[in-house]
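Read through the structures below before going on.
Each of the next two complexes has chain A plus one other chain: chain B in the first, chain C in the second.
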Partner chain A sequence: MYLRRLYRKRWLGIPGDYWLLIGLALVLLLIVPRLATPNLLTILILANIWAMLAMSWDILSGYTGQISFGHSFFFGIGGYTSGLLALYLKLSPWLTIWLGGLAAAIGGLLIALPALRLRGPYLALITLLAALVADRVARFLRIETAGAEGALYGIPPLSFSWTDNYYYSTGLMLLVALFLITVARSKMGEVFEAIRDDEEAAGAAGLNTAKFKILAFAISGFVAGLSGAFLAHYMMIVSPRQHFDLDLSVEAIIAAVLGGMGTITGPIAGGYFLVLIREYLRPFGVWRVFALTVLTLLVLFFLPRGFWTELRIRLAQLWTKSFAGKRA
Partner chain B sequence: MTALLDVLVFGFLISSLYALAAVGFTMIFGVAGVLNLSHGAFVMLGAYIAIWAQALNDPTIHLPQLGLNLPAAFLLAILGVAVIAPLIYRVFVRPVQDRPIIVFLVTLLLAILFEQVAILIFSVNPRALPAMVGSSFSILGTQIEYNRLLASVIALVAIGALWLFVHRTKTGKAILALSMDRKGAALVGINAERIQLIVWAVSGALAAIAGLFMASFMGMSPLEERVPLVISFSIVVLGGLGSIPGSLWAAYIIGYAETIVAQFAPEARGLAALIFLFIILALRPQGLLGRKVAH
Partner chain C sequence: MKPILELDRLRKSFGGLCAVNNLSFSVQAGEILGFIGPNGAGKTTAFNLIMGVYRPDAGRILFKGRDISGWPTYKIVNLGIARTFQIARPFHHKTVVKNVEISTIENALFARENRAARWEASCLCCDRVGLADDVDKLPGALPHAGLRRLEVAKALGTEPDLVLFDEPFAGLSIAEVEEMSELIRKLPGEGRTVVIVDHNMRGLMRLVDRVVVIHFGEKLAEGAPEAVAQNPLVQEAYLAGGGMA
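Moving on to the complex of A and B:
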């Protein structure tokens, strides 16, 4: 309930989520580059990519309730499409990352068709299978530049400079967040939530649930593909290990759950948190995955709405208590 | 001819182990609608408990060691998982049981947690269990190890015992009743809570047996728990979620499909079964022997 009220809240006529985005943009574009070490900047590039991946999972699974277990499928399609086009057709990476997103959106449509008949466990399985099949197929690639196990090397980067890549990834991430928040707040987003809450009721109310589920798959696929394509050009490599691994799908879920499912801004916070922890706890080896898993379990049981959403709700309550009370 | 016999023999063995792993998975789904994604971890856990229990003075295992003989280690592993599984259910799954998405996430995270614990104690390198019995014999040029024969026999005995348990005992019939109709089962006085604990214990024990033999033929590494999970998942969907006979049929179909592909087109290994399953899912989502669940 608080969550809904939080959504409706406007300051100066602009919804709260957009204010958050403006604040985030100011911090990330103006303050962080002045303070951050080059090392931190490279980590934040990854954080932006993982934030995009987590958001893309959120619009499909958090909003529409279609739990995907194979989001690396879209991530990998985006990476491979963009990488192959830039390598062999010599297209500009600025064009190919969008084409990568587009290819992943088409992948989303392909998954959506059988997925329309499937629910719950069956849907989760078919998304998982799609990712596993794509992984195997990529390993079959035998192109002259393809290295061992279907990896593509020497993909042209967007820029060789870390600072440039930081600005590009941040810009792209903010753009994606703006797009997804707008989608989520639109009538389309309301239908997504209706499907999640009760698909039969939504259908009975005359909504074409199939159409909206396909849309959710395509949008989610597009964003995930875009993030995969960006990673491909940033790392200058695409490989099954990096783009189709099951761990990617799991990390997308963990990031979204940590931050708060069904909020778009939550997965951004979750993605940042996940990547920062993952990179800074690297010296601890195995313990970092252990710690991250335990933490996610704790969040799931004690803060089921996610730490970011919980924080926002607490702050809003505090605000109401200390200010709105006096006005009354 | 030899190749054909190879396929027949090894396909049967692999399929029997798959059946063991998958039956527990389908039973848990049957009685409570819970999709237990840590099932693969139970398989791995069974193998690792035995590896730990039979080791003596192994500096690569970071735990005090017992050095039990092999049968005792196997027994300990089966009992161990049969105790851990219902505990997992009671502590982690029970509180969130009516929210399928959360159950998904919790069991997935638990599986990753088990992986990490196994890595911390045993490292990521694969390990193998020694064979229960050594040596082999040959029929028409196909070498068959006694160990594999024993595994097939034990798997069949376990499946047979499960069949008797489900169809001939009161508890077993209660399990069937619960998986057919939860409300009806409650009306005739079946204690769903108790039955579910039993089902988790049985499922854990069967998974452990599968894990023991997988570790003794193929070796086991912590991250490999995902293989039995994906296989069980596939088998169970192919057979129809919640249907025990369905998953037995499906185990042999997938087991043989995989053995045939591995024998005649090794590079496509793992792909054929997946694509096959994909088609089944798209055409007949309720599986081979599944029935449409009434809501």
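Moving on to the complex of A and C:
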């Protein structure tokens, strides 16, 4: 209930989610670059990419309830498409990352077709298998590159400078967030949520649920592909290990669930949190995976709505309480 | 009077079980039709066939003169049939008025739409079923009778010409049944046709204009409520006359 009210709340006629974005933009573009070390900047580039991946999972699985266990499928398609086009057709990376997103959106359409007939665990299995098959196929690719097992090296970067890449990734992440929040707040988002709650009832309300599910897959695929493409040009490499790994799919889910499913802003927080923890716990080796997993379990158990959502609710409650106190 | 809905020799089996067999009847525009039968007679299956949840094995369904058998649900709804579910199925994470608003959304993505008008229409629907004070509540906060009203509001939100009620009185108190009947009775006056499914004829007797009785998926009797209640075949089906009154 609080969440609902929170979302409807407007200040100066602008909904709260957009204020969050504006705040985030100010912090990431004006404050962070002045304070951050180069090392932190490189980590934040990854955080931006993972935030995009988590958001893409959220618009599909958090909003429509079509749970995907294979988001690396889209991530990888984006990365490979963009990488191949830039490497062999010498297209500008500024163009190819969008083409990568587009290719992944088409991949989303392909997955959506079986998804119209399958539900729940069967759908999750299809997405998982798609990612595994894509991983195998990529390993068979033996293009004249130095790399073994389907890796592509020497992909032209957007820029060689860390700072540039930081600004580009932040800009792209904010753009994606703006797009997805707008989608989620539109009638499309309303329909997605209705499908999640009860698909048959949504049909009985006169909604073409198949069409909206396909749309959700395409949008989600586009954003995931975009993030994969950005990673390819940032690391200047595409490989199955980096782009189709199962860990990616799992991390997308963990980030979105940690922050709060079905909120778009939650997965940004979750993506940042996940990458920061992962990178700063690097010295601890395997234990960091363990720590991250345990942490996710704890959040699932104690804050099932996600830490970011929980934080917003608490703050809103505090705000109303103190406001009511002053009045009395 | 012209029939708005016609079922023509409809058949549907699940495995070896024939749930609906050779079922034909028609619904006249503007009437309130009771569609009754003992438990397991195939009433809900017939509803699901009309709504496109199942595809009939044989037979046709004509609505406004068009054959809608095999159509997807949303097209049937947009042509003018709405249903309520036997067990209320609200969108649990949306407020009452938002639940109704879902019914007013159009499928076209870039259609010019007036959100304020949709909102207003949804609020009106809530008001009509007596949920005006509950528009901002979540469905979980509504009592059972409130959920049943919400089902009606969601159906009316689609602007239907024909409303199918699946056991609208289940679990309601006598006073609540009366209120729900009152609500249904108003619909023909707005140019809407009503079909009510129930296994219990008692509550329907004074509400419906006409009754169709089915048993084991086949039509058993059809006619005015009093005449049907006296029909020996119908009394036989209902435990040798025990269930009727």
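In the analysis below, the second predicted complex is superposed on the first by the 322 of 328 C-alpha atoms of A that agree within 3 Å, B and C clash if a C-alpha of one lies under 4 Å from a C-alpha of the other, contacts with A are read in each partner's own complex, and residues count from 1 in each chain.
The working rule: a residue touches a chain if its C-beta (ideal position, glycine included) is under 8 Å from a C-beta of that chain, and two chains touch if they have at least 3 such contacts.
Given the structure is predicted, the values throughout are model-derived calculations rather than measurements.
Upon superposition of the two complexes on chain A, no clash is found between chain B and chain C, which fit side by side. Residue by residue along chain A, chain B and chain C are tallied for touches, and B comes out ahead.
With chain A used for the fit, chain A forms the apex of an angle whose arms reach the C-alpha centres of chain B and chain C; rounded to a multiple of 10, it measures 80°. Contacts of A:K211 after superposition on the shared chain: chain C is touched, whereas chain B is not. Contacts of A:L125 after superposition: chain B is touched, whereas chain C is not reached.
When the two structures are aligned on the shared chain, A:A201 is found in touch with chain C, with no touch to chain B. Applying the stated contact rule after C-alpha superposition, one finds that A:S68 touches neither chain B nor chain C.
By the touch criterion defined above, A:V133 lies against chain B but remains apart from chain C after alignment on the C-alpha atoms of chain A.
Closest C-alpha contact of chain B with chain C, superposed model: 10 Å. Counting contacts by the rule stated earlier, no residue of chain A appears in both its interface with chain B and its interface with chain C.
On the chain B side of its complex with chain A, the touching residues are 29, 35, 92, 95-96, 100-102, 104-106, 108-110, 112-113, 116-117, 119-120, 226, 230, 233-234, 237, 241, 267, 270-271, 274-275, 277-278, 281-282, 285. For chain A in complex with chain C, the residues that touch the partner chain are 1, 4, 187-188, 190-191, 193-194, 196-198, 200-211, 215. The touching residues of chain C, when paired with chain A in their complex, are 51, 53, 72-74, 77-78, 82-83, 85, 89-95, 98, 101-103, 105, 107, 109, 113, 115, 138, 154-155, 157-158. Interface residues of chain A, counted against chain B in their complex, comprise 61, 65, 67, 69, 113-114, 117-118, 120-122, 124-126, 128-130, 132-133, 136-137, 140, 246, 250, 253-254, 257, 286-287, 289-290, 293-294, 296-297, 300-301, 304.
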